[in-house]
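What follows is a set of structures for review.
The same chain A turns up in both complexes below, where it pairs with chain B and then with chain C.
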Partner chain A sequence: MTQNKISRRDFIVRCTKAGFSAAAAAALAGWLYESDPAKLSVQFDNIVDVMNYSTPSVAGKTMSIVIGPGRQTTVTKAVELLGGMERFVKPGENVLLKPNVGFAMPPRVCATTHPDLIAQVTKLCYQAGAKKVFIADNPINDPKSCFELTQIASAAQKNGAEILLPRQDYFKPITLKGAELITNWQILYEPLKKVDKVIGLAIVKDHKRSIASMSMKNWYGMLGGNRSIFHQDIDKIIVELAMLIKPTLVILDGTQVMVSNGPTGGSESDLKQANTMIASCDQVAADSFGASLLDLKPQDLPYLVKAEKLGLGTTDYQSLKPLYAQVTGAG
Partner chain B sequence: MTEEIKRNRTHTAISYLILLVLVLIFIAIIIKQKHYYVPTSPISQKSEPASPKTQFWLSEQLFGIDFKPANEIETYNADNLYEKIDGKADLYLQNGFVSLQCRRYASNSSQEDWAEVYVYDMAKAKNAFAVYSGQMRSRKQLLGWTQFGYKTSDSIYTAAGNYYFEIILSSDSNGLLLTAESAAKRLVDLALKEPFEPFAIHFFPTDNLVTNSFKLIRKDAFGCAEMENIFSAAYSVNGNSLTAFIADTQDGSSAQALFAKYHGFLIENGGTELPHNIDMPGSKAVELFGTTDILFQCKNFFAGVRGSAPIEDLTKLAISFKNSLKNDTK
Partner chain C sequence: MKLTTARRISQVFFFALFIWLCAVTTVGEKFWQQRGWSVNFFLNLDPLGAIGTVLSTHKLYAPLLWSLITIILTILIGRFFCGLVCPFGALHQFVSHFAHGKKTAKLISLHKYHKAQNIKYYILIILLVIAGLGGSSSLMIGLLDPIPLFTRSVNLLILPIIGTSTKITAINRFYQTSLLTLTVFLTFVLLNFYKPRFFCLFICPLGALFGLINRFAILRINRNLSNCTNCKLCNSHCQGSCEPAETIKLSECLVCFNCLDDCKDNAVDFNTAKSETIQVSPDLSRRGFIAAAFTGLLTLPALRLAGASYKDSNLIRPPGALPENEFIKRCLKCGQCMRLCPTNVIQPAGLEAGLENLWTPVMNNRIGSSGCQLNCVACGYICPTAAIRPLTLAEKLGKGDFGTKGPVKIGTAFVDRSKCLPWAYGIPCLVCQENCPVSPKAIYTQPDDDKTLLRPYVDPQRCIGCGICQHECPVGSKGAIIVTPDGQSRENKFFL
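Let's turn to the complex of A and B:
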């Protein structure tokens, strides 16, 4: 039987080597360890300028206002007045509809975009030759419940639109050039990346924080993360979102306006029948008119004033010479 | 010697193996970190478990045998209330909000008929009354069976004890509304320990008073930051809407101080002092943007009336209000 002997010298050398290896491994681990996960995303940060989905302007066809009780007929007319959906969506293009699906509430309380509007705009996009229509939002409440209870899911399904429920890998940290708040912040990016055109579908409603929620506030649903921190600076984040996303078109539904207890409301008693549909290539102008449905002036909404100063649109919507029409169909 | 070489080779192989494992761990960490989702998103947050009391209140049987719960009880606290009600959270947070529990109940026969029940724990009856009165709908029908409650065509709202309840319905079906009203009764019975009387209700004159129009405004009443804890009531006089209000002040000096602050606020914002000859020593009348305020102090109270109405109507209500305060012995 052979005895495995090791000299004292060898033992000390091996122990020293082992010690150095352990220390080096620990040092490397310590150097690589990052306790703040937020810092880990820096290497994936996308610095962006505006995400521009707009189409070339056509003189005299920037904004339309249609009066009538039925969303499907008023929105069709409003888009037609601006040159039809063919002006905005070309054959083979992918389109993203961004409704307000914030709450898991029935469509009757108008806390969310109405499914009739989703259905009709989806149809118009396909009629114009769209390859695919997607619908996305990052709701306040559970996304699946929101899309189902608002009946937006069924409207989308019936008309061939695909709902992109927010998933973690759809979000990406974005830094907007010149922004103070959208810096390395999670944005619902993948749906925007998939498409050629973006159409905002918003509603006019009272909002305890921002006074009014309309087309510009609707982009709040593209934010991920703990976005409630922006409630302290709501006007600034609304303006920065308008800087980030220049949509192809916004459609602002003022058929039934939530005039009290917004943004959730909860009852038809919070609604006023205003029978108004607005389509606009200028979201500042659309919201400036929308404000009047809440008995507000553009100057009452600081984010509109700021947006105009930054050249994002005009609060003087009359200067755009909006096209007016009245339709009678209830559909 | 051969054995020693063999042993050394084994040691070397083991060392390489360990190094390989470490490299694999290193690569795995890098890959994992690449896929971090940085801030917490609402979609990833879980609400807290419901308390035993609320589990009992929002039981499976709350809506009777024809309905069943469509989800588990959701619980929200002051940190995540916005995830449920977004911008309306401020109203509750400013009024002593403790927690919200809610649950949706769906009809067994039609999934399209459902109701969502919201139970707000407001810590005090006064807080519950403040959020209840602050959201009063104009088109409503009062619930005859409880002190503070009303229904609309598609919802029910009531304050009982320290709680504020809302039931939101998916349709305006009369059957659904009746079922929801029965559920609301059960909740009120469970929550109501003793009737709550907002301190000022009995001070307000009853002539021309709009029924159930009492409000408790906790902050920024009439746009003035200093006007806190103001009770108000609406009046309808000759077709005009008037508001009478009284501050919940502790003593005469704080009432006087609030009087001065609110009067100063009106003047600083462009208000004009109106001369008026009424039998109310120490009162002041200010007109601002078409609304006239008549302000006065009585005993330990600062009070007033306001509205876009002829000064005579405002004065009459102010005198009646002051007399009511003077004569009050409660």
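Let's turn to the complex of A and C:
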């Protein structure tokens, strides 16, 4: 075999190219070199303090209780007693409504906030001059099905409110100052960021683990991730959520109360007609009164006691001198 | 207009229609959701699904009657479906066009007839024998039938990828056999680089069926020998590799009309003339036929020797699924139920219960947004072969006329006391009890011995196996409350 020998010139060219390639590889390795392995420590990013949406308090107008069979008339009256929606929503502001949309069930079983209530509160917000009303929740069942089957989607559409489905990119890990559980935890943050005012729209339901699900438990729907783990210390997570979000107003619907089989219910036999609508700037007080609709005392609910100790509200709702009224309209 | 232009328009139209119909297969009432769209259009036109289920069940499920149109048109004008309609074929043609250059000599050799093209006929025979075995038959045709195959690939692969990457859909979709789906889809697409329309020529059992019934076609490709200069150009873009320049193999002709375009001497035409150089029937031998039939006879019993039962592999079928032996005779593995399911809980089965169950629908409660929703019956209404029977809500929930029968049970939940937080560690939890959607709840609680802690129990009489508890259970892996197919309505109940 005879082979052509490489020329001196070609040999030098080849050596130069090989040399540069080797040098480039070495340089890249040096640039990317990491002497310490990555640390395991968890980064606590996005440390937040309370997200405060409340408005200045007005003496004697903190809480109202209206008796009547129709949600639209009772809620209108309840808000009117506190000074009307104009007190809470200023023209041009964006408002977030946080109903309980937890389950894909029809409105008649009252496992979710009633669409009539959503419709009426949306109307009140727009009448007060709101720029845009948003509705958000992170339901337990399939989100889209929940919004549709509960008829909250159609109520929102008819009245010009926009539903914000819990998209993955709406969540953000949050660490709440002084919290033990809300550390680096996914919160439905984007809707909260969008708005100036936040109104909670909760219902009164029997709940095995927390005993009763009302205004405070309703904020559980702002949690993302594997939030089921918080059932191990449900009172603490409810209190921490109240530390995180200070709402403008909570409306607690006790028109039909779920007294058994909660919080899913599923049958009309699980409901009791109580014809009560509560509006309150103090959610601890609202829930303390709401407890009575389930024949409970505030002291039966550990999260109310804890919340009061932390100054998040009062369980002695009578001290707020709630305004009472009775309306008859069925609407 | 040239026939090839018409063909291209037709292919683009049907391809776009196919993708559109897959995309709108989501629950909802908007125009881009499943309102009145006939989303099973292509599956209904596919005669292989119809013939397969007729062989396995001896009945023709109503919507599959549409496939008669395809059969009759094929008898009259040949394999128009392959050339003009089939979206999978259109994809292969496009990829082949991209994959190979424009050099005529190379193209002519690339489009030569290969005698292995008869393999697809043997594949068809094997699959039809498996479907028609009698008592123990199985509809495995969907594994390779191009319409279910492409439907599945778009539903379980392409659309979820598009949805996730563009954020069009609010909630991301997941499908557990993505690796297998990708491998099969990509393999068939990339084989076009080796030989144009590889899948159509060598694999496609639907094309094979058309190749068997187009022999009396009234309109055919014919070469007029008196005009022909024997330049062989008509072979250069022949999609079926049926060699119009030699003795044209009618059974392989996809009616792509490329040969009409390539002929410079006006010798090739699509007409009723009597051709001198035509081979009507495919290259099938009697020996090959017997071998294929024998293979088919052997395959299913051999697969079943593995002893994998759907139940022991924990394949939980969606509500309304027929009894397992009937179900497996009808399921096309098209993935329509998995695409439509609003909670994404219906998943394609992998190989855990053997090839026979691959891509059949099963419930994986740990995937998706929330188990099987109580007030939903979507899957039964989309199933093209009624392997999942359409249920009314009253029948599913056991209300009204169905009050005495009770609700449809998918399976039964079991508390794994070695993992359940209250049972194993004395930590309070009860997420499962809270989320149980039936009234009265199928999960009830009792205090522990010290009366300080409530523990969950399942009442098997009330549990419907919806899996919402398993979805919400905070314990990792499979969770501490696990649904199995035991006690399902479609089986005789010997316990529970």
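Simple rule for what comes next: the second predicted complex is superposed on the first by the 287 of 331 C-alpha atoms of A that agree within 3 Å, B and C clash if a C-alpha of one lies under 4 Å from a C-alpha of the other, contacts with A are read in each partner's own complex, and residues count from 1 in each chain.
Heads up, the rule we're going with is that a contact is a pair of C-beta atoms (placed from the backbone, for glycine too) under 8 Å apart; a residue touches a chain by one contact, two chains touch by 3 or more.
If you're wondering where the values come from, they're calculated on a predicted model, not measured in any experiment.
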Once the structures are superposed on A, label A:103 by its partner contacts, choosing first (chain B), second (chain C), both or neither.
both
### Query
Regarding the shared-chain residue A:207, is it in contact with chain B (first), chain C (second), both, or neither?
both
Once the shared chain is lined up, is A:261 touching chain B (first), chain C (second), both, or neither of them? both
Let me test your reading of the model: by the given contact rule, A:310 touches which partner, first (chain B), second (chain C), both or neither? neither
Q: Classify the contacts of A:143 with the two partner chains as first (chain B alone), second (chain C alone), both, or neither.
A: both
Practice task
Could you tell me if A:232 is touching chain B, chain C, both of them or neither one (first, second, both, neither)?
Solution key: second
Would you sort A:58 into first (chain B), second (chain C), both or neither based on which partner it touches? neither
In this superposition, the partner of chain A with more touched residues, chain B or chain C, is B
The intersection of the chain A residues contacting chain B with those contacting chain C is 103-106, 140-143, 145, 149, 166, 168-169, 207-209, 226, 228, 231, 260-264, 266-267, 269-270
Residue positions on chain B within touch of chain A in the complex are 3, 7, 22, 26, 29, 33-44, 71, 82-88, 90-91, 104, 114, 116, 135, 137-140, 152-155, 166, 168-172
Listed in rising order, chain A residues that touch chain B in their complex are 2, 4, 25, 32, 34, 37-38, 40-41, 44, 102-106, 108-109, 138-143, 145, 149, 166, 168-169, 171, 173, 185-186, 207-210, 213, 224-228, 231, 260-264, 266-270
Within their complex, chain A touches chain C through residues 103-106, 140-145, 148-149, 165-169, 207-209, 226, 228-229, 231-234, 260-267, 269-270
Given the complex, residues on chain C that touch chain A span 27-28, 167, 170-172, 342-344, 368-370, 373-376, 421, 427-431, 433-441, 445, 454, 468, 472-474
